[in-house]
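Below, subunit A partners subunit B and then partners subunit C, in two separate complexes.
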Partner chain A sequence: MKLSSLTRPELRRRLKEEGIGLSIGPFNTNLSSSLSVVADGLEQLYGAFTLTGDADFIDFRISLNSPPGLRRWFRPQVNFSFDGFLPFKPLPQVQAFAMFEWGLNWCIANNAHQYLIIHAAVIERNGVVCILPGTPGSGKSTLCAALVCKGWRLLSDEMALVSTETGEIYPVPRPVSLKNQSINIIQQYSSGAVMGDVVMDTAKGTVSHMRPPQSSVEQSEKPGTPGLIVFPKYTAGAEPNLVPLTQANALMKVAENSFNYSVLGLQGFEVLGELVSKCACYEFSYQSLDEAKETLESLI
Partner chain B sequence: MPPKSILVRFLSDSIEEELVADTRACELLLRQARSANLLSRVAVLCDEKDLTSRLPQRMQNHLQSARAVAEANHRSVKWEAKQIELALLADDIPFCLLKGGAYVVGQSVAAKGRVFSDVDILVPREFLEKTEQLLIRKGWMCTNFDSYDQRYYRTWMHELPPLQHMKRGTTLDVHHAIIPPTARIKSDIKKIWENVHKVDNYKVLYIPDNKDLILHSAVHLFCDGELENGLRDLSDLDLLLRDFSANDDFSVNDDFWAALLARSVELNLQRPLFYALRYTHALLKTPVPAKFLTVSKQGSPGILAAKGMDFLFYRALAPDHITCTDRWTGLARWMLFVRSHWLKMPPLQLAQHLARKGYKRWKKRHASV
Partner chain C sequence: MGSSPAFYNSTLGSLHSCCWGGQCVIFHVESGDTHLLSEVDFNVLQSMKSKPMSAEGLSLEFEHLFGGRAGQYISILLSNLVALGLVEIVNTEPAN
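== the complex of A and B ==
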């Protein structure tokens, strides 16, 4: 059963009481909250996700609620709780849904070391998975959103989960996080893009999330085979320019972008070595999304 | 008394079939173990019981992840031990790893899936200042610049203010005793140094004798008041006691128990040992022979006081998780925290300390508004 099959009042009641269980890629997540921002966000962006059954094993139990005390009314705040543990300071309540997205990233990055986790957008076309690792500001999420709007499959806009056993990439196709100008750029680039609420003045500036394509969500149990690693760099006024990377350089650069390379130790090094040897690796500067799309499609 | 958690039952009984048959029981074990910092230990114990592959795939994933965390932790502590040794070798200062670090480097059973956030070392009091200088030269830095806190640690406590390594971010606690000099109970640290063991392949690194490892763990757990990791530390004690008290043919080694009790008398640590045996036996079913349980009662605070402590410790030693608390848990944890301060300092000094801390907190709050 999909989340979209719940009526509005039923979604809100469940969210408040037993929580809503969602199958999000490899992770069953139970979310509870009495805040309407969270209910709205789920309704806008998570409609295509499958609800978990009553007897299912839940990986992450998350709640988003106001802290007790006066702040319930005066400049209301929200706390992110991971099964009773609060990893973050409270945020203004309007940021509750964004906090869910950030907090779930944190849960995965800290509790899923069965994968080598790389900070990257991950997309796929014609059976070839492309990893776009990126430091903040490199434009990876924007490029990822644009390609996804034009038919590429979304595996994740935030992290590549590389199986330590098979080397395959496991998808977690969640809403794509867009910041500042990127929100308008994507809305203009594709009329099909559905955005959630726009939240201003967060730690990352103005933030909104784009709904992941239904087909990507439906394939969220199907891992993909990596074939391409591209380090994107948005550069104003640049012609698209691909610079091949040696395997050794690519390995070092991907390691820098990994959340848990050091946790996995030797295994991390081996998985990364295997990954890089299977992929063509490039640095890529671009300005126009259309040109970037053409260039990347020519590699596949 | 709050109901026995599934985590405690996992550590004390054989509940393998229940876990194989019931997905929700598995999930509950995951949640409690995660909040008690015991998930990595559960993972290792599941492997030892040949249980892992029979559990739900999702549980196996979490266990695999937790195992990786513990392995990374152990690599890191060994590296830190090497680095500390390199720093202290300059002046040939001997140092002793305590708690988690000692379990890992000494390859004790309590290293199984043990995770920790800082490294604890012990150096002789006369080398304390020199040790700090040498460590600072190698990149460890003091992170607390509050002058009162500095004085509090340096004049009253058994350790320096925590040091943090500039590049690696690891935290190091440098102790010169196992109990603050101001505390009610006195224990002669020289006697611990007399029995330490040198670690192979190191030059100035030592670990405490087995019995002292247990006694120090008991002091830390039952006098320190920070019980977020209470069940983890109790499980350490359980593993150590089971391992050291069994002969090679699995028969009970009475000599060990007698020696442990005698050592607690020598070090003046009968009280913490009494609690350690009482609660490992009651909660984790540690096989303490009845006659030694009786002997350990010489360290009891008296029947009534012991009942009161039961009320507090049964709650505070449960996992810090919503499914393991009752209405008294919060109060129990708070009272044990207050008690730890009571044990640490004489009343007048404690009153001054609390007044000072309270005033600073008040000032801070008003400064931030």
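== the complex of A and C ==
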């Protein structure tokens, strides 16, 4: 049963009472909230996701609710709670849905150590998974959103989950987080892009999320085989420039972009060594999304 | 009385490495650190794994690669490896 099959009142009732159980890639998440901004975000962006069954194990129990006291009404705020624990300071309530996305990233990065987790966008075309690691500002989410709008499969815009057992990449095809100018760029790039509410004045600037393609969500249980690691860098005025990166340099750079490489220790090193051995690795600077798409498609 | 020459000993308990095209990445289990070395430097490091070596001994062993500047190269490399914690100085000559 998909979330989109719930009526609007039923979605809000469940969200407020027992919570909505969502199957998101390899994780089951139960989200509860009495805030309409959270219900709106789910409705806009999570319609294609499967609801969990009553007997399913829940990996992350999350609630997003107003803190007690004055902040319920005066400059209202929202608290993110994970298994009853509040890992973050409250944020303005209008940012509640974005906080869900950021908080779920945190939950996965801090708990899912059955994977080597790399801070990266992950996309697939013709059976080849392309990992786009990147620091904030590198343009990885914008490039990822553009490619996904043009038919690439979305595995994640935020993290590559590399199985420590098989080396396969597990998808978590959640909404793509876009910031500032990237929101307009993607809306202009693809008329098919469905965006959630635009939230201003967050710690990351203006933020909106793009709905993941239904086909990617439907392949949530299908891991992919890595074949490319590309470090993107948006550079104003740049012609597309693809520079091969040695496997050794790629390993060092990917390790720097991993959330839990140091947690996994030797196992992380071994998984990463196998990953880069299987991949062609590049640094890539670009300005035009169309040229970037053409360049990356030429590698596959 | 002159001081006895320093001997250098690899601190790699068990060596975990990946090498591609002249570069090696090693994982130092003891510290949890990852290091990128040239394959040549990696070979120098490996030669200290079975027994402590002096700088002079290493220079002789790798003279075929570095020629007349072997002593200088090995000296700088050993300083760097010590700074990274991959090599330790032991002041006793290894027993034969």
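Operating definition for what follows: the second predicted complex is superposed on the first by the 300 of 300 C-alpha atoms of A that agree within 3 Å, B and C clash if a C-alpha of one lies under 4 Å from a C-alpha of the other, contacts with A are read in each partner's own complex, and residues count from 1 in each chain.
We take it that a residue touches a chain if its C-beta (ideal position, glycine included) is under 8 Å from a C-beta of that chain, and two chains touch if they have at least 3 such contacts.
These numbers were taken from a predicted model, which means no experiment stands behind them.
Asker: If we overlay the two complexes on their shared chain A, which of subunit B and subunit C does A:His113 touch? Say first, second, both or neither.
Answerer: First partner only, subunit B.
Asker: Which partner does A:Leu251 reach: the first (subunit B), the second (subunit C), both, or neither?
Answerer: second
Asker: Touching A:Trp73, do we find subunit B (first), subunit C (second), both, or neither?
Answerer: In the superposition, A:Trp73 touches no partner, neither subunit B nor subunit C.
Asker: On the A-aligned overlay, A:Ser262 touches which partner chain: subunit B = first, subunit C = second, or both, or neither?
Answerer: both
Asker: On subunit A, which partner touches more residues: subunit B or subunit C?
Answerer: It is B that touches the greater number of subunit A residues.
Asker: Would you please give the residues of subunit A that touch subunit B in one complex and also touch subunit C in the other complex?
Answerer: Touching subunit B in the first complex and subunit C in the second, residues 262, 265 of subunit A appear in both lists.
Asker: In their complex, what parts of subunit B are in touch with subunit A?
Answerer: So the residues of subunit B touching subunit A come out as 23-24, 26-27, 31, 34-35, 56, 58-59, 61-62, 64-66, 68-69, 71-72, 75, 320-322.
Asker: Give the list of subunit A residues in touch with subunit C in this complex.
Answerer: 246-249, 251-252, 255, 261-262, 265-266, 269-270, 273, 276-277
Asker: For subunit C, which residues count as touching subunit A in their complex?
Answerer: Residue list for subunit C touching subunit A: 16, 18-21, 23-25, 27, 29, 32, 34, 36.
Asker: So in the complex, the part of subunit A that touches subunit B is made up of which residues?
Answerer: Contact set of subunit A toward subunit B: 26, 28, 55-59, 61, 83-85, 111-114, 260, 262-265, 267.
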